[in-house]
Amino acid sequence: METLWSIVVGVMLGAGIYLMMERHLVRFIFGLMIVSNAVNLGIFVAGRLTKGNPPLIDEGALELAEGFANPLPQALILTAIVIGFGLLLFTMILAYRASTEMGTADLDQYRESEES
Amino acid sequence: MTEWLLVAPVILALSTGTFAALFMRWRTLSLVVIWVGAVVQVVSAIALLMSVLDEGIVAVAVGNWPAPFGISFVADNLSAAMVLITAIIGLATVAYASADLALRPSYPLYHVLIQILLVGVYGSFLTGDIFNLYVWFEVMLISSFGLMILDANRVQIEGAVKYVILNLVSTLVFLLAIGLLHGATGTLNMADLSLKVPMLDSGKTTLIASLFLFGFAIKSALFPVFAWLPASYHTLPSGVVAIFAGLLTKVGVYALMRVFTLVFSLPNTGLQTLLIIIAGLTMLTGVLGAASQFNIKRILSFHIISQIGYMVMGLALYTPLAIAGGIFYIIHHIIVKANLFLIGGYLQRKHGSDNLSDLGGTYKALPWLGVLFIIPAFSLAGFPPLSGFWGKFMVIRASLETGQYILAATALFVGLMTIFSMTKIWSEAFWKARPDGQPNEPLTRKEHWLYLTPIVVLAIMTIIIGLAVEPLYQFADTAARQLLDTTQYVDTVMGVLR
Amino acid sequence: MNSIIFRTASHIVSGLMLLFSVYLFFRGHNQPGGGFIGALIAVIAFGLLMLSESPDYVRRQLKQTPLFMSLIGVLCLLAAAVMPLFFGQPLLTGLWWKEILPLGTPLLFDLGVYLAVIGGVLGILLKVEEELS
Amino acid sequence: MAQTRLNIALGSMVLLPFVLFMWVVFTYQPPLTQLSWPWVPSLDINLMFRLDGLSVLFAGLITGVGLLVQLYSLAYMKGKPARFSFHLLLTLFMLSMLGLVLADNILLLFVFWELTTLTSYLLIGYNHEEAKSRKNALQAMIITGAGGLALLAGLLMLGNLADSYQLSLIIERAPGYQNSVWFIPSLICVLVGAFAKSAQFPLHFWLPGAMAAPTPVSAYLHSATMVKAGVYLLARLLPVYGETALWGWSLGLAGAITGLWCGLLALRQTDLKLMLAFSTNVVLGKLVMLLGIGTETAVSAALLLIAAHAFYKAGLFMVIGIVDKATGTREYAQLRALKPVLGISFVAAVVGAASKAGFPPTMGFLSKEYMYKAGAYTDVFVTIAMVAINILLVTLALVLVMKPFLGEKDNHTAEIKPVEQYKLLWMPPLLLTCLGLIVPLLFLGQFQAIIIDPAMLAMLGNGSPEAVKLWSGINLALILSLLTLISGAVLYRFYTPLHQFLVRLTGALPNGPDVYARILDAVIKLASWQTRTLQHGQLSGYTLQFFIVLAAILVYGVYATGALPNLSFDAEFYEYAIGILMVGCAAIVLASPSRLTSIATLGMIGFLTTLIFMIYSAPDVSKTQLLVETLSVVFIAIVMRKLPLLNTVPKPSRRRRLVQLSVAGTIGLCMTLLMLMITSDPLDQSLPEYFSQYSYPIANGRNVVNVILVDFRAFDTLGEVVVVVVAAIAAISVVRRFRKGDEQ
Amino acid sequence: MNLLTLNIVLGVSWMLINGSFSIFNFIVGFVVGFVCLSLTQATSGPLNYGRQGWAAVKLLIYFLKEVVITSIKVVWDVLTPTHLSEPDIIYYPLDAKSDLEIMLLANMVSMTPGSLTLDVSEDRAYLIIHAMFARDKAAVIEELKNGLEKRLLEVTRG
Amino acid sequence: MSTVTEWVLSILLLTGGVFLLAGSIGLVRLQDIYMRLHAPTKASTLGIGLVLLVSAIYATLTNDGISISELLVTVFLFFTAPITAHMMAKTALHQRLHRLERTQNQDLFENARLRLSPDAELDDTVSKP
Amino acid sequence: MLNTVVMIVSGMVSLALILNLYRLLVGPDVLDRVLALDTMYINGIALIVLLGIYFRSALYFEGALLIALLGFISSTALCKFLIRGDLIE
């Protein structure tokens, strides 16, 4: 399983990074979203995959059933998703503001600040 | 008591920020909260430092979960010193911002965001957990985003876009690196990692370490991934850029130092030579960048990069003297660079510009400001016995001792170019005759002192650091040894049991 | 553009969603759910109301500004974090009062998450709707 | 009131050199007095001072000349702005200089060395509203600063050689260094530093440039003190390096070239002050040559010359200052017949010039005699160079006296004000120049006993071989001296054609300031070019740059690793289906020119990710992912309306697309490899097991993921929530008070 | 139906999602539902709760029957190659008055195959329906009047 | 669980599948947006309803407690599907999307768009497409 | 047997999803894509419920409820945006 998902993560990362290198602000954001997803997935896969045994302690039991899924990467991903969400929201709204101010979404035309 | 002291900076700054935000409508109350908070942070940071000096490395298991399972907060010499410097810069910024930003529409929010920024910085310095470090990095990053866009104009928004986009790249890679490191070792606690990483095969270690190096390199603005810094810093209001310039990149350097000593031992990653080259090129490109600029903030921004090179040089050489030099340099640089930006901001406020061509006549009009400028400027340029000389001296000596002659020569040349830049500012802004029609905004007495007090205090600190080298060297040396010999750190962290 | 059908239905659906949100929040400690998930559902519920009525309507129903809500949330987090310090325990140690009710500082903590996230995300949503439309 | 305070301040600063002079005199107990306080013992940098013959000679000159210059300045600077800071800087400079010559620790010496650079920079740029002053101050700063940094490297290496920074220890351990690899590099670095400070060719030009400073500064810095710092250092380190051939060669060559070339340049000048400045270069050249020879005679000659030069050059500078003050010009073309008005100055000038020319029985004459003696025993070329240099000095001395003071007035001549009414203006120069005459005539024995012998002892470990005498019979040196004087006078006869020739010659050759300016210019051009290249302002270029770096270090890492992981295709068909769908969706986003399709596809990707989390036992994550994804899509749909279409930005070129593709592909591939490597080994289970074990009994929660979030790792969550709240505040601030209409 | 009913529905829903039917759970659900409603509702009406329960059950059964039967018709049209449909726009005069009545009716109309609510006219007099098989407009209207709307109004008006 | 139940469940499930598939086929095959709205709204909703019903019964039979919480989803879907459809129809009207020529009373589309009564006279300002 | 049927029905639903995908890509109008997306939500829920039956787990049901909620919200929100003219290509 990990082989498949490692490959998928690699492809997604590649696709996202490709988009992040583009000139259109929106394409960058698309890339950002894909890479965020891929990174979360990467953490998940690196923490090993388990099918059908979520880290929930059954009623009456004191600990998780044998062969439980590793809860730690899940918790990490949750934190990462939330943080990524906050950053993404900010980025999108900044993108709106920027493209409205500059009149373009072409990142290469955002050069005013660096002209002396 | 340790339980309190170790978490106090984070909690205090967070409470300060939260209450200030709650009382935002009552400006005075909000300001009182901010001032009290900032002062208390300094006090608590001093107490923390004393306790570290007293007891050696201290640690606390947050949530009372023992070391590899919960999150640890740890303070060794390096972290405690960084926390104290941060608190001092935080207080200085509060004072300065009270003058510099008071007329802006979002004024109260600046203070709130600065506090949250401090939360992130303190957290980064104190945490003993690599994922927790990521979280604090993000806290810092998002509040820096916020500070960048408050009341932003067109150019500032543009700078912010570059800052945000390029920093997001770093963040994502950093996060991925943590995930993979966890996948390889099954742990996140840095002390625990330092025990488990050596068991990995070298290929994995090198690759994961490269990811960390890349992520931190962006944060600390190393060659060739520093573009975000000169693209954005100069657009910021001075009250903001001083804290950015002083702290943010240094958190990146701190992270490099921590991770590449504790988690990965730099020589074992196969990246040492690379880092040495990077350090040299960072110094060089930064200082050359500054040589081509004619705007105070831009010159200073490029100089951040070149100075970062010295700090990383300390790490890259990986001897006690070199790392002590790097640490000494960080401490010196935070104070000096923040101060230079504060002075630049004062000039900008007074004369409506920070372009060298628009400035002039300052020495004649405000000779004491000239003196206040000379101290940090020539300290940055490495003139003995000011603070900047010592760090430089240590890393250059270390590089000679390790046979890195080219690196030493580069460092010396960069020193010369730094002199050139600083004298350029001095010559244009201070010595040159006042240009015709230069505006001169009168400041109220209160504003005047809010501007000057932090400048004076930081200048005095620069001198004190320069003169009281012995205790500081001892301190940095201990810090370096703590970094290089991780046993004490690991024992302390893993020893805090439920 | 107004639609009686949509408006009437959205009130019901958003009520249901808020209920679901509270439910998920409460049982989060034992079953999938928790503060963040609950909060996002609540945000979506309010978002639905915002779409069918107006951002202003949602603000009036909330009575408090989203910022205030999130600050209260952060205060809950801080309280949960600091409280154990006064009992001689490290920061964020879970304190439980099982004898009275299954309550503990982790629940207060989760409540903080819940409020803070609702306030934060809803704040952006309302602002964006107001400014961009 | 303010005036009184100023006077008190000035008075105390004037008195300070005197006090220090007295302190030196009374503290010094020949042959050696050492003082020491700890400063940075861990780095072997301590406040160690050493009063021996050499340092006392210099300390005496520094404080003595310093006192006179301060007095002279009181008169000279009267009515000028910022007098207080002028005197203050002068005092600070003097203190730095004093520290330099007294330091018994090479790093302490370096500290003072750099302080003299800094204070002299501020003094040279005293007339800072003039662009030329600023430029020349910077020039001096850069050159001596560069030298200083080289010196630092040299001293560090020397310290490592000797395993100590303590000067006396280094000298004590001296003979054993030659075998070390650091020896020659340290020698070179030290020489660069000393040459830069002492204005040796080709770095000589900063010194004349420094004449932009007020005349008292020139009189002090460029006669007795700062420029001698390099000479002092060479003299100090003579026992360490003097044995090597390189030392002799480089010092001899540098000194000779400096002496000859600067002598010619001095003759070419029309500004009297510049002429003096260049002749200072000449003297420095002579001193360096003598130290290069390094024999006892040469060292005595050098010591005599140091003292002689300090007396006459400071005096002459002051005289030029008086002339300048009286007439408002220093161009000799406009100066004639000053003698009647500036009589005392004329006397001082004549005495000073005599010493400069080596006319018996002045100090200058003495030093020249010894110089020829030293040269005669070494090398014929050295001797010829010495004679030639001294001939030039004689001519210069003649020009200095004859041109301005004698002759008849004509209509080009400037008005002369009677400035000699200020006693403080003429007394110091007169005293100084006359010292050059009085000492050899009356106190020669004492001078040798108190100054020369101890200094020799300090440098060479033994006193001078013979007593210094004015008359030692007719010998080669005397003949050469005579020859020198006659040749100088002859040369003065042909001064006008010589001057014209020199003007043409120097016009044709590259001059120092130009070369300096061109180098500086080239560095700044290089800087601009590199900054344009690295900091080009195109954001997509930056991201590309960043990712290329990432790809490069990953490839390096993979290359270093070499091992290929083993693959296992054990997934079920629906897993493959989801995987393929995800890849397909990613491809659609890459290829689609439509925003809406892209957004919908992004939604799909998010949804598929949700499915993955759901399948692999992560219910909380899958819910969160779903919610976040939906909200993200909603937000992006709202924001998208205000963003330009995808086709508003030009399509990347084919080449660029290829680059992007290969960079992105490389990173993706490397990450896949890394993940495969990681997942092929088993994961340490101690953390999950701990969580499983304690989640319910202690943390009272059955949902372990939630327990981790609110208890085990609650601190993460705290930070995460702060991020969300701040993101909200920031995002709201971005749009607040801003609408599209606000632009107008 | 009014807010209280809605509140009770929410209370029951709470029990449903909790999967445990107890008084305590219902009370909790009711209270939570109350808070949720107070956050989302614009107006509140007076309490008027009668014997609509039975009518509701009757409505539900009728509705499900309609759905199943006519669904098959649509499926047939979709799956067969020919197109039997004769689409039309129908203005259906409303007896239902309150927001809730109109909404429920519109929903049910939409869910019964063959007809789809497009909108309600501004003056609330008509339901605008898109019908797929509208050979006889009047019949369609009549069927709705006597079928769904009558039963619905029995539920809402008691 | 008896075979009969299993048969019943299987048939119900299959029927559900058929409805779901039919809804999607309708989405592809039907000729204008108004008619395309009919198919998923009804058939797919019914299909998912059946699948959920099976799930509920199956869960009730296999677990010890009764699991009717799936019914909540069903109710929710039945409640929201027509509203979504209504919103889409409204959008289609608003955008004056292409409509099948066969549709009778074409002129009423504009009335519907403006939510006017059928007999209302459209003034000149409202241009018909 | 039920498992086999579940597989068969899953296949049918997958086919339905592919048909939706076709409509999503073909359009012709934005609204058609929205409708396709909405239908995909429903089919997605069906798949998840089937998964729940297959794995005999009740955990998937909540995912289904969530998707139902979100599907409703997104579809109506998209319509709202379309009517407002927010979504222009």
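In order of appearance the chains are A, B, C, D, E, F and G, and numbering begins at 1 in each one.
Everything below uses one rule, namely that a contact is a pair of C-beta atoms (placed from the backbone, for glycine too) under 8 Å apart; a residue touches a chain by one contact, two chains touch by 3 or more.
Quantities reported herein were computed from a predicted structural model and do not represent experimental measurements.
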| item | value |
| --- | --- |
| Chain D and chain B - chains in contact with each | A, C |
| Neighbouring chains shared between chain A and chain B, ordered by label | C, D |
| Innermost chain, where centres are averages of C-alpha coordinates | B |
| Label of the chain whose CA centroid is most distant from the centroid of chain B | E |
| D-G or F-G, whichever has more C-beta pairs in contact | F-G |
| Far-end chain from chain G, centres as C-alpha averages | D |
| CA centroid of chain A to CA centroid of chain F, Å | 34 |
| Chain C and chain D, separation of their C-alpha mean positions in angstrom | 61 |
| Chain B and chain E, separation of their C-alpha mean positions in angstrom | 63 |
| Contacts with 2+ other chains: residues of chain F | 18, 25, 37, 45, 67, 69, 72, 76, 79-81, 83, 86-87, 90, 94 |
| Two or more partner chains touched - positions in chain C | 1, 3, 5-6, 9, 12-13, 16, 20, 30-32, 36, 41, 44, 47, 67, 71, 74, 81, 91-92, 94, 117, 120-121, 124, 128, 132-133 |
| Multi-chain contact sites of chain E, meaning residues that touch two or more partners | 13, 17, 106-107, 117, 119-120 |
| Parts of chain B lying in touch with chain C, wherever the complex brings them together | 3-4, 7, 11, 14-15, 18, 21-22, 60-64, 73 |
| Footprint of chain D on chain A - complex, ascending | 1-30, 33-34, 37, 40-42, 44-59, 61-64, 68-72, 74-79, 81-90, 92-97, 99-101, 104-108, 110-111, 113-115 |
| Chain D partner contacts - residues on chain G that touch it in the complex | 14, 24-25, 30, 33, 37, 44, 48, 51, 59-60, 62-63, 66-67, 70, 73-74, 77-78, 81, 85-89 |
| In the complex, chain C residues that touch chain E | 3-5, 7-9, 11-12, 14-16, 18-20, 22-23, 45, 49, 53, 57, 61-62 |
| Of chain C, residues touching chain F in the complex | 1, 3, 5-6, 9, 12-13, 16 |
